[in-house]
Amino acid sequence: MRIRAAGAAAALTCALALTGCGGGDAGPTTGASAETPKGELLIWADDKRAAALQPFAEKFGAENGVTVKVQAISKDQQTTFVTASQQGSGPDVTVGAHDWIGNLVQNGAIDPVQLSADQAAGLNPNALKAVTFNGQTYGVPYAMENLALIRNTDLAPKAPATIEELVAEARKAKTPEKLCLQVGQKGDAYHLYPLYSSAGGYLFGTSADGGYDPKDLGVGKPESVKAFQKIATLGEKGEGALKRSITGENSIATFTSKKCAFLVSGPWAIADVKKAGIKYDISPVPGFQGGQPARPFLGVQTFYVATKGKNKALAQEFVTNYVTTPDLAVALYAAEPRPPALTAAFDQVKGKDADLEKFVTAGKDGLPLPAVPEMAAIWDPFGKAEAAVVGGADPTSTITAAGKAISAAIK
Amino acid sequence: MTRWIQQVGWRHLVGVLVLAFAMVPIVFVVSAAFNPLGTLSSSELVPTGASLANFTGLFSGTGFGRWFLNSIVIASVSSIASVFISALAAYAFSRRRFRGRRVGLLSVLLIQMFPQFLAIVAIFLIFSTVTDRWPAIGFNTSSGLILLYLGGALGVNTWLMKGFFDTLPRELDESATMDGASHAQVFFRILLPLVAPILAVTALLAFIGTINEFLIANVFLTDAGAKTLPVGLYGLVAGERNANFGMFCAGTLLTAIPTVLVFQLLQRYITDGLTAGAVKG
Amino acid sequence: MSIMLDGPATTQARPAPEDDRPGRTSGSLIKIVLLGLTVAIAVWAAFPLAENRAWTGLAVLTATTAGLLYLYLTPRHIPLKYLAPGTILLILFQVFPVLYTASTAFTNFGDGHRGSKDEAVVAIQAASVTQVPGSQQYALTVATTGDPATGPLVFLITDPATRQVSAGDADGLKAVPGGDVTVGSTGRVTSASGYTVLTAGQAGLRSAEITALAVPTPGGAIRSSGLSRAYEGRAGRTYDGGCDCIRDTTTGRTWTADESAGAFVDAGGERLAQGWKVTIGFGNFTRVLTDPAIAGPFLRTLVWNFGFAIASTGGTFVLGLLLAMALHSPRVQGRTAYRVLLVLPYAMPSFAMLLVWRDMFNTDFGLINNLFGSDVDWFGGSASARLAVILVQLWLGYPYMFLVATGALQAIPRELAEASRIDGASAWGGFRRITLPLLMVALTPLLISSFAFNFNNFNAIYLTTEGAPFPADNPANGATDLLITYTYRIAFGGGGAQYGYAAAISIFIFLIVAVVSAISFRRTRHLEEVHS
């Protein structure tokens, strides 16, 4: 008995060993692979969007007599896409945020799309601007998002106009936490940016053509020091409105369990807030009194055509001529309530959902998230500087060090 | 009574203390799994609600059943195969003396020390070709992933088993060889049964290691139908925030079940002292 | 010593003479079946290689198969018979990736420098194709003059204003008489005499050809945008082989190839984003040694890294062993229940539990502060954060040591321990003199490997503190950072992924771990020989 089992295991092992052996031998010797023409379109998205896309992918497949496969990449979708593409194992279409563009372009991973004048006119101008990089349109946007202030109207009936007002309101509401704005141990540049910009700070200057100028780094400049001094007054040693214990994982949950009256978050938070049965309203993120307007970042969810896809014509057809139809945009909205980038789709759903308009209002002063590859160097040091200042570190030396670290990484 | 405390009581004390340490996070996960509004931020140990919504949602709304099956197949096959490969190598390293033996042992260990996040690029390089040539063992196949995992069969487990082979008296195989047994017979008939406990332990360790593996499975398996439990479960909490945390916890608990079952199955070998009897006989 | 190296003479097992007892026959049968299977698999694997004319691959496959057949048919090379299966797999899926990765340390491989120069040129040209100003987009139908699967492709395009249909191929455009075609409501041609219109499915099969087809026009070329629209586009930048440079067709600006940087650079030193992979020698290594962000906190991180690895390994070992000893007695009731429950932390997916632990340490909302009524800013202070990550490792890792130690205890003949007791030794004395040394024989290799694993335990830090807390003036290196998480941040944190640089740092780390492991390994030599 034992021998037989061992024999079976041995057979298996040898079988596996040998198949594997054949597999690797060829590895370094092959060049471009042969075509595998199956009329197949492969789409990569994150889990939520993959699920929402599935029925439309099937419909597109059935209408066109091709197979469409949607695969969910749960983690590191951008890096996985670039690496897989490079080796020819990537998809034909990938769905992701617009700030990937800079990196995807420098790796030659995506192709520009050629939209007709009508198609371009049907898109929200801000969304279209966000996917434009070096004068080219690099994808078709389908949804937009930006931060807003979500408040529990039972605890705080009035929308605060300034952050000082917000703190006063929160004190009146006597909630354990004043403001649910995620910071965490590493900070969160995206969520802090409205306050940072209101306090006068900036990340990159503007170049002549209206894009971002990576050579003019705002972090570490006197403006940023001043901004961080203001932010420090809200921190743990100050008002206690910003705390490192509020993280991306618990900020929404803390709000829904009524431990704070104010939440700074985006459209993705609404589902949870509704589920918890909280009466809420949405208003723009307030800025500092006498400061500049608080500008949230605008993010745009985008469909990209992969350069090394096996079926590029089909991918272009799907992205430029199918994604631009309102049906798909509305369905993606239903899966996750973000304002559609397609004006026709937006008009279709806005009557049913008052929140959309409010989010758009909150994003009125918003700035497109910089898509330049240099932006990758900002997130980490900037966030950590934020966390340190919120925890009580000296703003001047902290932000100066962050500025140095960022410019070292950019050069 | 003092005698009881000296001989048995302290054992219970240690057991209970460690058990408390072990169980706190697990109770926390259990409570989140049964909480219909499950979020990661809850600081309560006692569930604030009790419902099976997360469990039913897992089976009706996700490919959980499929992930489960894939994981079991991949983990079972690769753990059995890797234990076998490891045992073969451990025998050679323990019982045979050949040139490069110690260097070989050390290299086997050191190779595993290279950071995996860097190896991803090379894995794409290998398997892009394999997928073109031999789709049966390419991306999105269980067999391909098993093969890839077996690349690590000659690793820590080999060391573990070699250590156990070393504890077996050499006289055993020597006398068998005198009696005319071949090296294969010595290995299969005499040594393997004697190291049954450690085969069971390594099988369990390999099973757990494989069923929890995420980094490689995440890039290897992209097809919804091919995913394993960790990849699928991670997808529930990935993306925007973690509305699915309750479901994630429910899945985490269910993931532990096969491991516990395998442990139960192997417990007999691990704890019944087969070796002691064999040496005696 | 040299005798020991070669091993006792008796274990230099000579191949026993073949005989024909029943055991032998069934053994040979299995052997023949397995070898047959091996050959069958090799043949299966050979076909695709032969089809693709991958002769080198085929040669390696044949050589490997022949080598295996020889190995298992000859009575010699006994150790190799046992090592071959694992070694082959190891070479393919571990050694090759490691060598490949190590080789990238000598290149600028990373974001912006991933592919070849040709790929960069193609990417630059493709990214510069824009619609010719003032031109229209056309409704497109892909057709052929021959068989839908193989016939030459033709673009039938409809001018949106005039509804004039033209047929275009690589030779250019020519008008199609209005009477010969039917145009649908969308402007697309639905049928045309002399042409077979491809369905989307058929066109989908010939995607690469469709994408490659450019119909030359005076202003540029008409290209497809999907399967239903075409546009007249022009590449704004083209590659000029003569000057090995990229030229902007409108402004005339040029970027010359710089082979040492793997990028096209203009006179002012400005680079095009799309570069290529080039070998840069020891550049990455000198950068590791000179980068102040690495050299500065290196020693501190190294010391903590050792502390973490030793504490994690030692802590789990002591706890696991203590537990195994405690439960290693038939008099303990409920042993089975204890064992099952105690192994649970190991059965739970570790990445999930790391995230759960992270949240349990939250200052205001965490379970731990809640449970103990404390107000510790766990991840905010260096000491508490370090304690926290070690505690988490202890929780995750002790069941492993417990299992292994339990197995090891079972393997030790009970008589030995009992004999020592009869000799009058105390329980502790018996444990120290008899049980522990035997345990160490089995477990020392494991402790070394556990140390090496924990030394590079990326997830333990990355999924909990992510290196925090960070000193206010240095966002690059935190108090709980291991060398590996620190490498990850430097290589992937700013300016995209820098694989080459990361590989160079990894090689340095690898050398450190290797030296430490090798030294500890040397000291285990005597342990191997307890029975000889």
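In this document, chain identifiers A, B and C correspond to the written order of the chains, with residue numbering beginning at 1 in each.
What we mean here is this: contacts are C-beta pairs under 8 Å (C-beta built on N, C-alpha and C of every residue); 3 or more make two chains touch, one makes a residue touch a chain.
These figures come from a predicted structure and were not determined experimentally.
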- [ ] Name whichever of A-C and B-C has more C-beta pairs touching across its two chains.
- [x] B-C
Task: Innermost chain by mean C-alpha position - done: C
Open item on the list: Measuring centre to centre with CA averages, how many angstrom lie between subunit A and subunit B?
Closed with: 35
TODO: Please compute the C-alpha centroid of subunit B, do the same for subunit C, then give the distance between them in whole Å.
DONE: 19
Task: Whole-Å gap separating subunit A and subunit C, where each centre is the average of the chain's CA atoms - done: 25
Task: Sites on subunit A at which at least two other chains make contact - done: 3, 10, 13, 16-17, 19-20, 22-24, 26-27, 30, 34, 86, 249-250, 254
TODO: Spell out, as numbers or ranges, the residues of subunit C touching 2 or more other chains.
DONE: 45, 49, 52, 54, 85, 89, 92-93, 96, 355, 359, 362, 365-366
Task: Multi-chain contact sites of subunit B, meaning residues that touch two or more partners - done: 40-41, 85, 121, 125-126, 133-134, 147, 150-151, 189, 234
Open item on the list: Under the definition above, what is the set of subunit C residues touching subunit B in their complex?
Closed with: 5-8, 10-13, 15-16, 19, 23-24, 27, 45, 48-49, 52, 54, 78-80, 82-83, 85-87, 89-90, 92-98, 100-102, 104, 319, 322-323, 326-327, 329, 331-332, 335-336, 338-353, 355-357, 359-360, 362, 365-367, 370-371, 395, 398-400, 403-404, 406-408, 410-415, 438, 441-446, 448-450, 452-453, 455-456, 458, 484, 487-488, 499, 502-503, 506, 510, 513-514, 517-518, 521, 525, 527-528, 530-532
Open item on the list: Which stretch or stretches of subunit B touch subunit C in the complex?
Closed with: 7-8, 10-12, 14-15, 18-19, 21-26, 28-29, 40-41, 43-45, 85-86, 88-89, 91-92, 94-98, 101-102, 104-106, 108-119, 121-123, 125-126, 133-134, 147-148, 150-156, 158-160, 162-164, 166-170, 173-174, 177, 180-185, 187, 189, 195, 197-198, 200-201, 204-205, 208, 211-212, 214, 229-230, 233-234, 237, 248-249, 252-253, 255-256, 259-260, 263-264, 267, 270-276, 279-280
TODO: Write out the stretch or stretches of subunit A touching subunit C in their complex.
DONE: 3, 7, 10-11, 13-27, 29-30, 34-35, 37-41, 63-66, 79, 82, 86, 102-103, 105-108, 111-114, 116-117, 134-136, 177, 185-186, 243-247, 249-250, 254, 307, 310-314, 316-321, 373-374, 376-377, 380-381, 384-385, 387-389, 391, 393-394, 397-398, 401-402, 405-406, 408-410
- [ ] Using the touch definition up top, name the residues of subunit C that touch subunit A in the complex.
- [x] 26, 30, 33-34, 37-38, 41-42, 44-46, 49, 52, 54, 56-57, 60-61, 64-65, 68, 84-85, 88-89, 91-93, 96, 111-112, 114-115, 119-120, 122-123, 126-131, 137, 199-208, 210-211, 224-229, 231, 233, 273-275, 293, 355, 359, 362-366, 377, 379-380, 465-466, 468-476, 489, 493-497
Open item on the list: Applying the document's contact rule, which stretches of subunit A touch subunit B when the two form their complex?
Closed with: 2-3, 6, 9-10, 12-13, 16-17, 19-20, 22-24, 26-27, 30, 33-34, 36, 44, 46-50, 69-76, 80, 83-84, 86-89, 248-250, 252-254, 256-257, 268-269, 271-272, 275-276, 336
